[in-house]
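Take a look at the structure set out below.
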């Protein structure tokens, strides 16, 4: 199994560590991705923008006035105590804290009345051959605030922060729900980059498929298939998440934002559609690969067999005139030898022509 | 990957360009299909018909009286500013403008209350082997007006315009919903032409399948399969679109027009059914192809092996009488040589007859 | 592609002729099946029975009294003007007329309030090998009347007419809905005849499968598969049609008749079930065929290879004593020759026994 | 096709006999299973138990008092007139009578208000290899009475009768719905016996699969598969039947009995689950079989080819010293012959060792 | 079939023993897992904790006060009379007792109003290769009490008891529904251990797949597949169970506990997702295995055939000069022999180079 394959399976291993612990235990499940988490608090309304970066959270964020939106972003989630403190400040359910810490969640949405908890995955390509990696992102959307937790802190939300700062677009005049939408949208937009890279990987593989099929190709195809399964598992449940957010009874989402969520939903469907097409392409490639491999072998065997088949009758003729009978008139003929050589050439020629006409080689 | 295959995958590439841009950004996603867009405005009611063609939209269309229908058709959608201006005139949502510009949408319907936004795809055959191409068509259906956006402007709506002009049929006496229906119907009708061409392509392939199976055939089959997947993705969601249009709560569609939409719906189901049948046929062709290839090889190997098998015992007999033993009475016989030749012929004959009876060649 | 296959695909071709025509255009899509249509009008109630046959429909049928049922049957539907005139008389929607004329409809039901329009397909076997053919039948069920349109007029409704004439059963005392049910039932009953014939075709194929597998068998299997797909497409939507007829809000159908429709529904499910079983059987046959073909080839190759393998060592021994060394003591032995012959026989015997014990031939 | 396969398909043949008959015609569809039907009437309440056996039904059963339950069991259903007379006595719908007579029904439930009509199938094993057979059982559950019709009368209901007679359990104190449940339960319980036998058949086949794969094994596997398909068709719809019986609006079933029906429902799910597992096992067996067959052949071909490959170079060496050149110094050597023999042994040894190390045989 | 496979199938055998018994019969279905059952009764509230262990249940547990929770755990379920007595004490339905005794239930939930009956399966690994085993666990959740029945008593609930005893977490302050949740959670947490072990098994198999594919590998793959099917059957229905518990109308479950149940539900989905990924991986392994096996064989055959093909023409040349013609000038040449040897070497060299360049070996 390739290293990345193991990493993907590694999730299960980590999860099993938690077996037997009571449901309130906070344990970080996942690889430790860096040193200390960075907490960035952005507070903005139509006229003001304040940004604060801290390594440690001393006290809770003071209550916000009605018009401004607070966005707290936590970069790395392996600092259990930090996450737990944030949870207490905002009155989050212990199970939400647990889910934030366990970085192998399937995308989902949970409505706790006061706030909505959304989990989804950021996808990126690793290395030149685009081995797909994923990072868990958790969002808490409450009245006037959004908290985002990133497993690795890859800066995917940097562009959104810039957009708020610059004051362009509708960000500053919209509420926390629009901010949550923007974060979702930023992540889903990046899916298309991964798809493009995967598409290139498929094309490269496809070009080499007929030209030079090798045993390694089969492994590449299966690696690709595994990545697609992995992608599918990360993207497919997002559909349900977005459906849930658009539902009428989801109180944290304003009507205006629902139209935008429908747009993200359409993009997600687009991604899923493309993944399905990729899967079809790969399954077709497997057929072509197997067929190419078998065709090549068959060609070789056919040529070899044709060679044997031409020489065996000739060897027989030579054998006949190698017999030691006393009375073999041909042996005494003056032109016996050239005649037999001519016969042999003739037989060979007839056979070659026959095989050629039959298109056997 | 064949060029058209790349083109189809190219959509994803283009899409990834947009990653990171805020949701209000208008970027044309798709290939630039020509120079300048043509805007055709048709205004008609039971008695009058006015047609105006312009390259540029100076101001908004003035408010229309209650009885007449306005149809604005835009030929090419890569002129971002033109589309944006139209959007402002008619008060379209920014996301609708975005979707019109991104020409890789999946067919969908969105009801914004004042107007309905419908996206679907026009399908056409390219070249003699009918490589399927698709063009995005966007419709805005509002109170008394229809705006249609074509990715390439292939004139598919020309026949509808002629029909309005001529005043025949119910077009002139019906509302904007009937016009929207007519445009949908014109596009779906053309699907049958693509199906017919594909059917011919399948037949051609099928005829050559048994007569002359080659490695290239496998690629043709997979190319066909890919085109079918592409078609399916373009047509399948149209079902949902038409279902949505027929729903009771869709205010822009009159009851009378619903009956007609049901008819387009039936045609769409017909197209999907035919695509499924094509898929079954192609999967059967794959079986027959693989079986034919393997049968041909087997026949060759069998014949070659039969030839070897006949000559090997004969060579053995020749070898026996080529031994140099001093005491080999047969060698001294007067008719030893002809006797052995006769023996060889006999053995060969018996073997040939045996193989024949067993139907081995 | 076999001729019947082409005919089935031909439907799509015909359909494409209509592309671009306005939705009100009446064009016959399908093969012209005979010369002139025959219109048979039957009017009956509990006490009276009147039958009229005409080639031409001069005027509309006069309004009927409340107790009697009118059944108008049209034999061939290619006479566009005749069908159009009937449509006007009974106030049918133009799209219904179109659907009656396009003889490649998928079974469906449409409730227009005043009347229900039902399309389904009559199935029959053609030739001794039962190549399945289908004919479109359209029913209009209104208050007190039924109009039936047959694509070819195969007399499938003759038995129903006889039953009305004879006055036996509940036909005469029941309404138009019972008549419509009887026509549906007559058609579905005939499906079982087609199934029986197909079952025989499968059995014949299956018997020859192991005894004598040939390349042609593969084509027969795929022909059968194609016929099953064709049948499935014709029967499967009928389920929905019958479900629709049984629905409470279907005003033209009396409660009593619904029980009978449930019975036809059960028969349809029975037909579908049997088709699924046939499909499973055929897919199993394909496995067995491919396995038989490959087994036969393997047997041949094994026997041939065994023959070669026995003779090659013998030829080697002969070759050894054919060498021209001056000092080869065996050559001088008196019984050298018989000894070598015995050695050869021994070697051959040992090999044959070895191969036998290993069950290699 | 094996005889039992034909019998299963035979159903369709019989059914086609009915095509064209009016819906009121009573015709027995199925094989005649014995001579005369036996009608057993049991009448019981908490205190009394009366059993009557008759070959002929003279009059209708007199109206029963409110507390007692009447169970009428009919053994063979081919006596059309007897069944028809029972139908009249109990006021059954003609279509119910038809369904009782047609012994190829799919399990179903029909609620006629006054009574419920239930059809399901009793399954049994035939012969030592457990070829699955099925028998149709029809139940009429009305107010205070149950009528059961068995296609063959295999005594499956004997144990239920014993239980009523003995007065143990809740039978005597419960109503007709509990009796109907008990009959259903008795039949479903017997499914487990068939499953057990099938499980043994699978194990036997599996044991022989690797030890001794033969062409006959493929037929056994497909026979098994066919039996599973047959079973699945008989059991799957029973789920729906039991769901229907548990529905609130099913007036004939008391609340207490619904709990018991849920239990039978669970058993049915259990049976279906096991059938699915069997199907998976069989499909795995097919893989292993094909792989074993091909492995065995490959082993044979490899060994044979190795033998040839060893002797062909040796024969070449012998051929070289069989050449008749005047000047071949080796021929004159004293130990030329033994040297060449040694050379040959050496070449053979090297090849054998090479092949061994490569694990080629 | 491997022993564990038989054990899994054994369930069906045991079940068939019950066929024919009335629905009230208590029979233990499953293997007897130990000697005598141990009944542990734990009674706790926020302040007190009492634990009692008994081998025999003398009388019923006395009625509990309102604030405390009673948890009765029964270790082995083969003691029919003990289970029956408990059933009487708590007023359980006879069918519940039956289901507790039949240890081959599919996970399910049944709401009897006063109490809920939940069945699910504990999974564990057996042996170093992790052959999956399962144990049935039944829970009765009533007002203020939980009864748990374990098939084998593997101590999976020990940790939960410890947690109650220690008084940490919310256990002591929560009701019986939270206890039931904790038991479910403990079992589902252990699923991850089984998944981890299975993941290792898959990795081990995968590593050996390419390095050393053997016939035994195919059996390992199928064994793995069977275990996955078994797991899937045990886990899949748990989804429905947990859905059922979260439903609003489930009176025994408090609103607070529902949030926790949603968490277990998510874990179950996670397990199912991983199982699906495993299944995909295994099916890919099967492809790679078959391809590896066939590649290895093809390599062998190709090399052998190349060897034969090189020597056959050489043997022919030797045969030519072994002919006994009187007039063969080459034979008289002084350097005839070395010339022919050189010719042979040349031919061999050309052929080897040709095959090399073609990459045939």
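By written order: A, B, C, D and E. Residues from 1 in each chain.
One rule holds for everything that comes next: a contact is a pair of C-beta atoms (placed from the backbone, for glycine too) under 8 Å apart; a residue touches a chain by one contact, two chains touch by 3 or more.
None of these values were measured; they are calculated from a predicted model.
Peer 1: Once the contact rule is applied, which chains count as partners of both chain A and chain D?
Peer 2: E
Peer 1: Note whether the interface between chain B and chain C is symmetric in residue numbering, meaning over half of all numbers used appear on both sides, and answer same or different.
Peer 2: At the contact between chain B and chain C, which are copies of one sequence, the residues are largely different (under half shared).
Peer 1: Averaged over CA atoms, how far is the centre of chain C from the centre of chain E? Could you give it in whole Å?
Peer 2: 43
Peer 1: Suppose each chain is reduced to the average of its Cα coordinates; what separation in Å results between chain A and chain E?
Peer 2: Here chain A and chain E have centroids separated by 27 Å.
Peer 1: Any chance you could list the residues of chain A touching two or more other chains?
Peer 2: In chain A, residues 301, 305, 308, 312, 315, 319, 322-324, 328 touch at least two other chains, as defined above.
Peer 1: Sort the chain contact graph into one of these: line, ring, star, complete or other.
Peer 2: Contact map by chain: ring.
Peer 1: What is the sequence of chains around the ring when one begins at chain D and proceeds first to chain E?
Peer 2: The chains follow each other as D, E, A, B, C, starting at chain D and passing chain E next.
Peer 1: Which residues, counting only chain A, touch chain B once they are in their complex?
Peer 2: 159, 163, 168-171, 181-182, 185-186, 189-190, 192-193, 195-196, 199, 203, 206-207, 210, 259-260, 262-263, 266, 269-270, 273-274, 277, 280-281, 284, 287-288, 291-292, 295, 298, 301-302, 305-306, 308-309, 312-313, 315-316, 319-320, 322-328, 358, 360
Peer 1: Tell me, which parts of chain E touch chain D in their complex?
Peer 2: Per the stated touch rule, the residues are 1, 6, 9, 12-13, 15-16, 18-24, 93, 95, 98-99, 104-106, 108, 110, 112, 215, 218-219, 222, 225-226, 229-230, 233, 286, 290, 293, 297, 300-301, 304-305, 307-308, 311-312, 314-315, 318-319, 321-324, 328, 330-337, 340-341, 344.
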